[in-house]
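Report on one structure; see the data block that follows.
Note that the chains take the letters A, B, C, D and E in the order they are written out, and that residue 1 is the start of every chain.
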Amino acid sequence: MPSYFQFVLTLMNGLTYGALLFAIASGFTLVFGLMRVLNLSHGAIYLLGAYVGYTVSRTVTDWVTAWLPALGGVGWVAGVCGAGLAGALIALVLQRLIRGVDGELPQTLLTLGLAITIGDLCLWIWGGLPLTLEPPEAVSQAVRIAGIPYPGYRVFVIAFALFIGVALYLLLFRSQLGRIIRAGVDNREMVAATGVDIDRLFLKVFMLGGALTGVSGAIGGSYLAFQPGTDFEILTIALFVVVIGGLGSLLGSAVGAVIVGLIDSFGRAYFSELSMFLLSGTVILVLAFRTQGLFGRSVERG
Amino acid sequence: MHTEIRTSLNERLADTARRGNRRDVTTAAVLMALAVLYPLLGTTFQLQLLTSGLITGMVAMSFSLLAGFGGMVSLAQMAFYGMAAYVVGIGGHDMGLPALLTVPLAVLSAAVLAGLFGLIAVRSSGIYFLIMTLALLQMFFGVAMQWQSVTGGYNGVAGIQAPEVAGFSLGDAAPLYLVTVIVAAASYLGLRWLLRTPFGLTLQGIRDRPERMRALGFRVQLHRWLLMVLSGVIAGLAGVLGVYYHGVVSPDVAGLTASLIVVLSALVGGVSSLVGGLIGGILVTVLISVVSYLMQQWFGTSHYWTVVGLIFVVVVKNFPNGIFGVDARTRRVLERVLTRWTGAGSGDGARAPAGNGTSPQTR
Amino acid sequence: GMALGMVSSPLMAQDKEPIRIGVMASLSGAFAQMGADGVDGVKLAVEEFGGEINGRPVKLFIEDSAMDPSVAVEKTRALVNRDGAQVVLGPLSGAAGLAVKKGAGEFPDATIIVAGSAAEDITMRGVAPNVFRTSYTGAQPTFPLGDYAYDQGYRKVAIVAEDYAFPYAQVGGFMKTFCARGGSVPKKIWVPIGTSDYSSAVAQIPPDVDALFVALGGTDAVNFIRQMDDFGLLDQMDILGGTVTVDGTQLASIGPLMEGVVSGSIMSGQLENDAYKSLDRKFGELRGRPPSLFVENYYRAAKWALLALEDVDGNVEDQEALRKELLQTSFQAPGSFVSFDRYHNVVPDVYLNRVEKVNGEWRNVPIRTYSRVSQFWTFDPEQYQAAPAYDRDTPSCP
Amino acid sequence: MSALLSIDDLHVYYASAHVLQGVSFEHDGGVLCLLGRNGMGKTTLARSIMGLVPVSDGEVRVRGDAVTNHAPHRVAARGVGYVPQGRDIYPSLTVDEHLRMLAGRTEGEWTMPRVYELFPRLEERRTVHAGHLSGGEQQMLAIARALMTNPSLMIMDEPSEGLAPVIVEPLIEKLRTLAASGMAILLIEQNLRMATAVADELLIMVSGRLEARIPPRELEADSALQQQLLGVTMND
Amino acid sequence: MDAALKLTGVSRQFGGITAVSNVHLDLEPGERCALLGPNGAGKTTLFNLIAGDIPPSSGRIELFGEDITRHPVAARVWRGLRRTYQKSALFDNLSVAENLFLGALGPGGRGHLTVGRSLRSARARWAQVEHTADMVGLSGHLTTTAAALSHGERRQLEIGLALGEDARMILLDEPAAGLSPEERATLTGLLSGLSRDCSLVMIEHDMDMALALTERVVVLSDGALVAEGTPEQIVDDPLVREVYLGGGGEAA
């Protein structure tokens, strides 16, 4: 019985962790797809989102509960929105910085400089204590899965990730806007030459990616504590997810996220001595056999 | 019609070789003079800071070698550094072997590790290669951390004694500084020579268009692999110096900050230039040291990373290709001037003419 | 340019020449808060002495050791060679402390007072003349906890701890005493440092153990405890904590969940002595929360150094005398009355603290005090040092 | 009434290379064909009209409004269509998506069915990623894409490159009808047969300057002129 | 004597479509052959199969009597096979001279490492570079970075990359595309002057040039070989007129 319990729990944990990773990675993929730049400040935006979400949700909760205690959950929602806003703003700053700087490496270095600064500023502003947001009761009720009680918030995270996935899929692959975005990724100049203000559009999508990352920070920060250093952990794992799945592929990110989530979860549960190697080992193994990740493919003829 | 240019090609080769040689000799002489004179001028701490910067610079140079000339942005360089450092630590400190044995062994091990990593990694390219090396670095970190009986785990190997060279202990600041300058200069000149042979051009071709190189009959994978081993040797040399400098090696060598500093150094110097890596290493090391000191002294705060990060942003905005990286426009102007003067183009083999870092498309 | 220009060469001792004290703590990354607390502690101690000893101003130089032994060595050099520090307080992490101790021969003219690093070998298996430790070894505060656990009637205890040297020692200290009395540890769950999702660890805890010994720090402890609660297991299990598991820093964020957790430390959240009350008040004024272990550790180290300096009339240049004086100094630190053993390690009281709510604040309240606990507990020092060092599998009593 | 396109003393540099050295001409309907050897600056002219390379001096006007150095989308919004040299299709979009993306954005005769009618080969390959198309198919797609914007001025940079004769012929027909129905076409061509077949007038560019503006018949008739302007004679 | 190139039942599918289907071809050493066909007929794909960029789904490819169906790209180059690409694939960051140098260095090296080869031994190749640049009309651009070339100049360099002393079989994919009439004339001169030790297969939509340079024409349509013969025979072939030359009438 305990082994059944452990297995189901581990499986569920893998899936919920994978769900959060997907939310994080999809923002990364979106931004990478647009700018062709490794956004190394991705983790920092996540962390900033978490911190801003924390402060906003605290403030609003205090304020709201003074008037209408029943609406305590509003604070958390406000926090998540604040996190999204913060993420979008940073994306805006980043885009302004990158503009006019040519080349992948210099642009990457810019994002790295920004990441370092944001991370340290967070430490400056919020101190080094580990923090978490308080999600509202409504989404925290334990639910029973396969007869096992399971934290409701984690189920909520799965729902959130599914929503993000579907929404992004519809946006990118089933809408006029999506076709233009993908065309712009392939060749910005030509899209502009057919009459589309691609720079404005890209800025918006870029900010959307930032917002998504910020929101992920608040959502993730509601059950995984965050502190200085979380930024680069998240960045590393997002990179792994995205690369396992194949860059620029939404489906790839989803599969990569679930794989990483499951490996992490089962690795820790069943091979704890090796858990340090499992993730990097998976990345190496996948890339050794599929140099473009699982779903990465080239649509350009050699 | 274009006879002047045509006849100049052969001359140009002879000429760049001559000029190059002269420049090499000058560079070497200046470095040597600096090396010999500096202990008379500098304080112990300055020497130590410069040593540390040069060691970082060597790793950065090995990074630039791969990134600038091979288009392979590798985060694994600190693993090669660490490998050599651990071999010196374990062999010299734990097992008591003489430095004469451990040092070559250490560099060899770094090369072997680079070769092993290379076997797996050279097949991928671009960001996949980058992430692959990140994963390999983490593997190295994991082994250093987990294989406690050999590596000492989290604590690593501490108290490593530096050997004596010609009666001077490398544990002292000045002798170690001198040796570091010599090793760094020798590595630089060696690489510079190597990259001016057709090998250098071959690498750049592979960087820009591996498919086409294959279609021209080159062994692309072999060249990439060899470059990786070479970079491993350089990083390994740095590792030997580093472990004597610090007296300790721990899994942190493969940690985030160490790699971050290497990458920053290389990019600040400019990945398309080898000497950029060396200078970048010194600049970044000194910068971090100075900023953290000043932030404490002036503002009483330890948040120097905020400022360091901002400085990088500003530097990149103004020198996108690093301080020593010549960007495409400057290069074209240079070329024109060169053409006018000598009827020749840029023959500086030690500078990868990558307009945009390693990006193969320029438009 | 600037870096090189601002280095001042060490001058001969003159009147009013400042006493230069270097402080090393991790001020960036995941352990930044602990380091910042430590720096606060040092500043409070210096303030207490009016910022001077025998008319010589005390000048502080603060550096970030970044939890990295190589960096710690470099920063010690910066403090000694650049700033002319004659006393260096720190570093914080085990590996860093070990590296500095083993390389301490390089600094004959400075005294290094380790204020946080818990690696045993800093004061065991070889003593460096210029290295002292005022904090504790990893096992020192958990020897009594094993004793206590057995008294509580626990016979089977499972362990969740981070996979590196400090937790090995904490678990080792606990098991040495617990197993010696007949207890058993059927399962040790080692998790990589910085784990965010503990659900898998939670899933592995054997249901039939009497208690769980948790040796995690910082975010790790917070994540673990929260997730235990998420899975409804927190109420079903007694929890024992390591020294940094239930520090004030954690209590600030998850106090209610920690209620009733008993941990072993050289500090407590509520002590009756005046030194503690004074530190509590001053630090409270500064930061609005009770002093953490790290505040106390660094405060204690600084105060120890300053007391000794006072006794040698501020003549910091005579390092021989300073070190001799240091070794003989004993005083009432906020944690407890402290003195050095002949291995240069502190002999403090160890408290077993339980998390309780005091005046609306979650605090560690001492429930038992073991006075004057040596780094060797009650074992013979020679035998203790000859035994294998703690690791994942040592000791073992399944 | 100002001309549809008028270029006045245009100068363009790449770094310090002076590539366009004072180009001036007007174009107000029909097919104007730009000829010149490789590297003379034809593409640079087209790109500078589109706002894709910065102009250092001079002016580009579309229907009298200056668009010099305007963003490409603003130039395109004035009814300028562009078939770039080297195709520049979007590899990761399917053929269908290329066209659908522009469908309905502009009013005019060109709709997806019309385009497919002109290039039946594209319809056969509508679900294929454009990156997998053959060179000629990509060229058709580039032309089709420009047509889908329903331009009143069409700039075509070597549209016949890589197209089989069996495709070129109907294309010539189509361009003629388009021009007749009012679309102005600026055609850059290396295929002399095509150039002389469709053009109302020829512009000859040599080293960044316009050397001549003549009707095709005049050039065809004068082999000395051919030799002088093009470096070859057409009918040997 | 062995055929220079022998294709036996070569096919290649992409997903559902057959780009090349069951092609048989025999080419004598020194022969000049034009490969014609409408857009999307599979000409470039056939080149890719011969050069080894993609493996055939079925069939067998022999080069100078040796089965090279499974050989890697580079190994074919060492046996004297050269090709150009329809879409120029140049080393954008290198100068024209450096591009050509690599074009001369690679095949000559038989794929060995280029590490040991000093500048001195490379001298001869630089001379060769000058010669090649001259032939393709780029001698005025030796020091220009490839990225700064015009489209047509890139096409010229593309051809330059495939020329070499030891080439025994050159595959040219639309060499005249993008070239101005004058450059076309130069190219025609260059190709007709190539040594007869070297075979030539040329995809070309410029009929004047293709027919003037070759003695044999092969026509591909929908992946299959539909006609073969001398230029005169092909021009008059009604099927070829229908699928390729267009109903219009005169071909040349």
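Assume a contact is a pair of C-beta atoms (placed from the backbone, for glycine too) under 8 Å apart; a residue touches a chain by one contact, two chains touch by 3 or more.
It should be emphasised that the depicted structure is a prediction, and the values quoted were computed from it without experimental measurement.
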Lowest number of touching-chain links that must be crossed from chain C to chain E: 2
Of A-B and A-D, whichever chain pair has more C-beta contact pairs: A-B
Distance between the centres, which are taken as Cα means, of chain E and chain A, whole angstrom: 48
Distance from the mean Cα position of chain C to that of chain A, given in whole angstrom: 36
Distance between the centres, which are taken as Cα means, of chain D and chain C, whole angstrom: 75
Separation of chain D from chain E, taking each centre as the mean of its C-alpha atoms, in whole Å: 28
Shared interface positions of chain A, touching two or more other chains: 120, 123, 273, 276, 302
Residue list for chain E, restricted to those that touch at least two other chains: 53, 148
Chain D, residues touching no fewer than two other chains: 14, 17, 132
Chain B - residues contacting chain A, complex: 67, 73, 120, 123-125, 127-128, 130-132, 134-136, 138-139, 141-142, 145-146, 211, 256, 260, 263-264, 267-268, 271, 301, 303-306, 308-313, 316-317, 320-322, 327-328, 355-359
Partner chain D, residues of chain E touching it in the complex: 14, 37-41, 43-45, 86-87, 148-153, 155-156, 174, 177-185, 205-207, 243-248, 251
Complex contacts: residues of chain B adjacent to chain E: 1-2, 5-6, 9-10, 13, 17, 194, 196-199, 201-202, 204-205, 207-209, 211-220, 222-223, 226, 328, 331-332, 335, 338-339, 344-346, 352-355, 360-363
Footprint of chain D on chain A - complex, ascending: 176, 179-180, 182-183, 185-187, 189-199, 298-301
Chain D - residues contacting chain A, complex: 50-52, 71-73, 75-77, 81-82, 84, 88-93, 97-98, 100-102, 105-106, 129-132, 145-146, 148-149
